[in-house]
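One chain, chain A, appears in both complexes that follow, with chain B as partner in the first and chain C in the second.
Right after this comes the complex of A and B.
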């Protein structure tokens, strides 16, 4: 059995550590790219959303490299994501690929026994005992949290750094080196050292950089290929960015859902504009927009794939927030046709806009 | 008190319940007119660009009657069956309407969980509070409305036609004659009988649904998938027409699943949006009907995509 999984931001690092630790064979699909998208679009329904197509691309590239089992997390909410596994299974079969799927759904939908049965397929070939397996899982989660923290710090400090590009270099080196580690402990040590490095870069505390919140659909904000590396671009403009949605946020949130104490801050912030969970991460998007303006951000950028049902609802709410609080929000819709030039122009215009707003504000006082 | 009921989305299925209930508790009902060009234009004007046609039309209906009424009903339909949803846009419909259309009157936006009568009754109390305080009246009206709704049968089943097709899709696409350009009438005229999913029992629908890897969590997925695959695999009809609105997230999954299950069975997907031209639609229907006729004459199984 050779396991593979779809890409989503830095999740491949945690997955690598997990499978290394369990000593399960695995294939990390090639990073998302034009060719992955082309292969994926070829085998996907036309009106499907972008994450589906990219995932199909990941699977097929990994299957060609010898993988035979695909792991995907699922949901049973009203958003399309819940039906991904079902449809992807059928489409891969139709395209002539043979792959087993392990869909990890919430126990409330499939029952705890079924969940353990599915997880057991994954770990049955592992030579580790139960205690070691739990240890490895713990390490993998730790790695996921660490890399998310490192990213968050880099995106935040990038506006304050004395030598332009320090944060970006550290972040890129960190990712490049982490993938070379062959056991979880080693990776944790490496990530910790990079976190320390980031915390000790030369920063100018007197700087007051532009601050932008990245909000929207979880896959497109986390996976840099889909949003054409927007966070990296904003780092080049020395803009501090913040994105609350991350794999570690998702895991924490999902774990707390049964107790109903998940994301209390987001719920409170979104209450006025969207008091109910409507599927996907629409409510999070609204909550983060409100929180961003309360935290003194200069603007927010919403990113979602074309046709995303929950984000269409939030897109219709965001202009009201923008009007009510005089807070710039830009919506970017991405799909397989998104072109770099048009995209960059809009981002630059948005950054210019918030920069000028700030100058005007200063001259007014 | 005048209450406005927009004639969009699930109105076509549940109008009897809504109208009876609000009439009995003493409200004066204003139902928006049948969808027309003006309503479509209003909808396109106000609604967010990315939304699908039925949502835009709903916006149009709201905009049309909002100034004539004291309070307007925007049904936030969360669930119709246990553990099944309609669509995220239905859950956020009031927010979409309120943030897109200016100068809105007061509105009834309480979430509707129609998976059992207790929950639905709770909605009836919440919604009724805007109009009357008489809890007995609410209780009695609610029950009468339920009885009337269950006696009211929607659905189409034409008989005595040589060729029969299963017409599938969301109810608001099938019964909204403005956007689907009287498709049922058109089919009947060209000698094709129509049957819709209401005429197939839940047990028969569930035969194929149970074969799916995952239990569907959309009502329209279960109904349309179960209905079309049953009709096709049991050869009850000669072909299937699926009416779908452009960029419908649910249909992008449903139609793919159906295609996968029925193989070569004749299957036509008609996409409707605000740009749909009648001539194009006619051509496609004619071609499909011709193909069905020829299949019957030749009495052999010619693949639909031959």
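Right after this comes the complex of A and C.
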């Protein structure tokens, strides 16, 4: 058995550590790129959402490198994502590929027994004992949390750094180094050292950088290839950004759902505009927009893939929030046709907009 | 004192020289024809012949080809079209609240409050209703694009054309032609359809408050202006330099940039005689496989775009710093 998994942001680091720790053979698909997208689009329905196509590209590239088992987290139907595993299985078969799928669903959907059965397929080839397996899983989750924290710090401090580009360089070096680690413990040490490094960069506390919240559909905000590296671009513009949705948020949120104590802050913030879950992460998007304006952000950028129903709903609510609170919000729709020129123009114009608004306010007071 | 603004768009490349009092000294409207370097050089050559010796205090670029143009001329400011258009409009009239801008391949709406941009939108997935489409239809009907608008004004009746998609709009127009409707009615129908498309697509959820400026190449089309006024129910204004607003904005932004920095980076009109070349290649450094473009002036690399990691563009900057 040689397992593989689709990309989503930095999740490959945690996955690598997990499989390294379990001593299970694995293939990390090549990073998302035009070629992954082309392959994926070729084998996907045209109207399908962008994440689906990229995942198909990841699978096929990994299968060509010898993988035979695909792991995916499912979530039984909050939106089209719930159908991903089934559809992808069928499409891969149709295209002549043979792969086993292991869909990791929440216990509330498939039962705890079924979940363990599925996890067991994955771990039965591991020579590790039960205790060691749990230890490895714990380490993998720790790695996921660490890299998310590092990203968050880098995106935040970038507006305050004394030497332009420090955060970006540290973040990129960190990822490049982490992928070279061959066991979970080593990776944890490395990530910890990078986190410490970020916490000790020279910052100018008197700076008051522009602050933008990145909100929207979870895959397209997390996976930089889909949003044309928007966070990196904003780092170049010395804008501090914050994105609440991350793999660690997702895991925590999913784990807390059965207890009904998941994302209380978001639920509270979204109450006035969207008081119920309508699928996907629409409610989170609305909640984050409200939280961003309450936290003194200068604006928010919503990103979602073409045709994403939940986000279309939130897109139509956002102008009301924007108007009620005089808070700039821009929506960006991405798909395989997205041209970089128009995308960059919008981002630049949005940064200009909030910058000039601020200058204007300062000059009037 | 004079300021140069260059707007390299998909269809046209506009160059403008303005003086301190915002008076337009010269404006050039050239076709880009997919070769931005040539268009900019051609423009500079014309300016050189006419205004050799004139002092340019600041130069700015905008438009989709703003980066390449900036590398060529040594611009003091490189700004996106949205900001450039807004700055230019506000300079001419402080009371402008909405800008409708329709260019060669994109259309935009910009709303302003208290003299700053408060919101904007661009066409997302479709270019139906922009200049290129009108150009093509004019060509198909064998009517010069300059007269297209007059035809629309002649019509007494409007025919409903499906304007959602450029291809379908075209087949619908052909269909209506074959049914025997006259040209001016069809053209009026087309203008109405495009305006409808603009308002429901680009202008969706945006408040269009008076006073409205209509800018960009398409503003020359009287039929489009009339269709907008008809749909909105009030008058819209086409400013005098409607097709130069981007370039004017770029010049104005450059002017304030130089006020801060002290001196201009503009390389002068002699650039017209330099030999420019652009080379593109796919970087094999990592799996990102960036498409990198390198601009070469007289055999020396002067600019690099497209490399995400900055391997090439940063290397260039370092060597520049060493020279200084």
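Here is the rule we use: the second predicted complex is superposed on the first by the 363 of 365 C-alpha atoms of A that agree within 3 Å, B and C clash if a C-alpha of one lies under 4 Å from a C-alpha of the other, contacts with A are read in each partner's own complex, and residues count from 1 in each chain.
Just so it is clear, a contact is a pair of C-beta atoms (placed from the backbone, for glycine too) under 8 Å apart; a residue touches a chain by one contact, two chains touch by 3 or more.
Because the structure is a prediction, the values reported are computed rather than measured.
Asker: Look at where chain B and chain C land on chain A after superposing the complexes, then choose clash or fit.
Answerer: Here chain B and chain C can both sit on chain A without a clash.
Asker: Go through the superposed model and pick first if A:319 touches only chain B, second if only chain C, both, or neither.
Answerer: It touches chain B and chain C both.
Asker: I'd like to know which partner A:172 touches here: chain B for first, chain C for second, both or neither.
Answerer: Only chain C is touched by A:172; chain B is not.
Asker: Can you tell me whether chain B or chain C touches more residues on chain A?
Answerer: B
Asker: If you stack the two complexes on chain A, which partner ends up touching A:345: first (chain B), second (chain C), both, or neither?
Answerer: In the superposition, A:345 contacts chain C only.
Asker: Can A:33 be said to touch chain B (first), chain C (second), both, or neither?
Answerer: Second partner only.
Asker: So in the superposed three-chain picture, is A:306 touching just chain B, just chain C, both, or none of them (first/second/both/neither)?
Answerer: Touch status of A:306: both partners.
Asker: Using the touch definition from the top, say if A:353 reaches chain B (first), chain C (second), both or neither.
Answerer: Only chain C; A:353 stays clear of chain B.
Asker: Going by the contact rule set out at the top, does A:333 touch chain B (first), chain C (second), both, or neither?
Answerer: Touch partners of A:333: chain B and chain C.
Asker: In the overlay, answer first, second, both or neither for which of chain B and chain C A:83 touches.
Answerer: A:83: touches chain B, not chain C.
Asker: Given Cα centres, how many degrees, to the nearest 10, is the angle at chain A formed with chain B and chain C?
Answerer: 80
Asker: After the two structures are laid over each other on chain A, how near do the C-alpha atoms of chain B and chain C get, in Å?
Answerer: Least C-alpha distance after superposition: 6 Å.
Asker: So which positions on chain A get touched by both chain B and chain C?
Answerer: Correct list for chain A: 306, 316, 319, 333.
Asker: Tell me, which parts of chain A touch chain B in their complex?
Answerer: Those residues of chain A that touch chain B are 45-49, 74, 76-80, 82-83, 85-87, 89-91, 94, 101, 103, 105, 109, 273-274, 276-280, 282, 306-310, 312-317, 319-320, 333.
Asker: Which residues of chain C touch chain A in the complex?
Answerer: The touching residues are 64, 79-83, 106, 114-120, 122, 124-125, 205, 287-289, 308-309.
Asker: Within the complex, which stretch of chain B touches chain A?
Answerer: 47-48, 50-51, 76, 78, 83, 85-89, 91-92, 95-96, 99-100, 111, 212-218, 221, 246-253, 255-257, 260
Asker: Sort out for me which residues of chain A touch chain C in the complex.
Answerer: The contact residues of chain A facing chain C are 30-31, 33-35, 172, 229, 232, 306, 316, 319, 322, 328, 333, 335, 337, 341-342, 344-346, 348-350, 352-353, 356-357, 359-360, 364.
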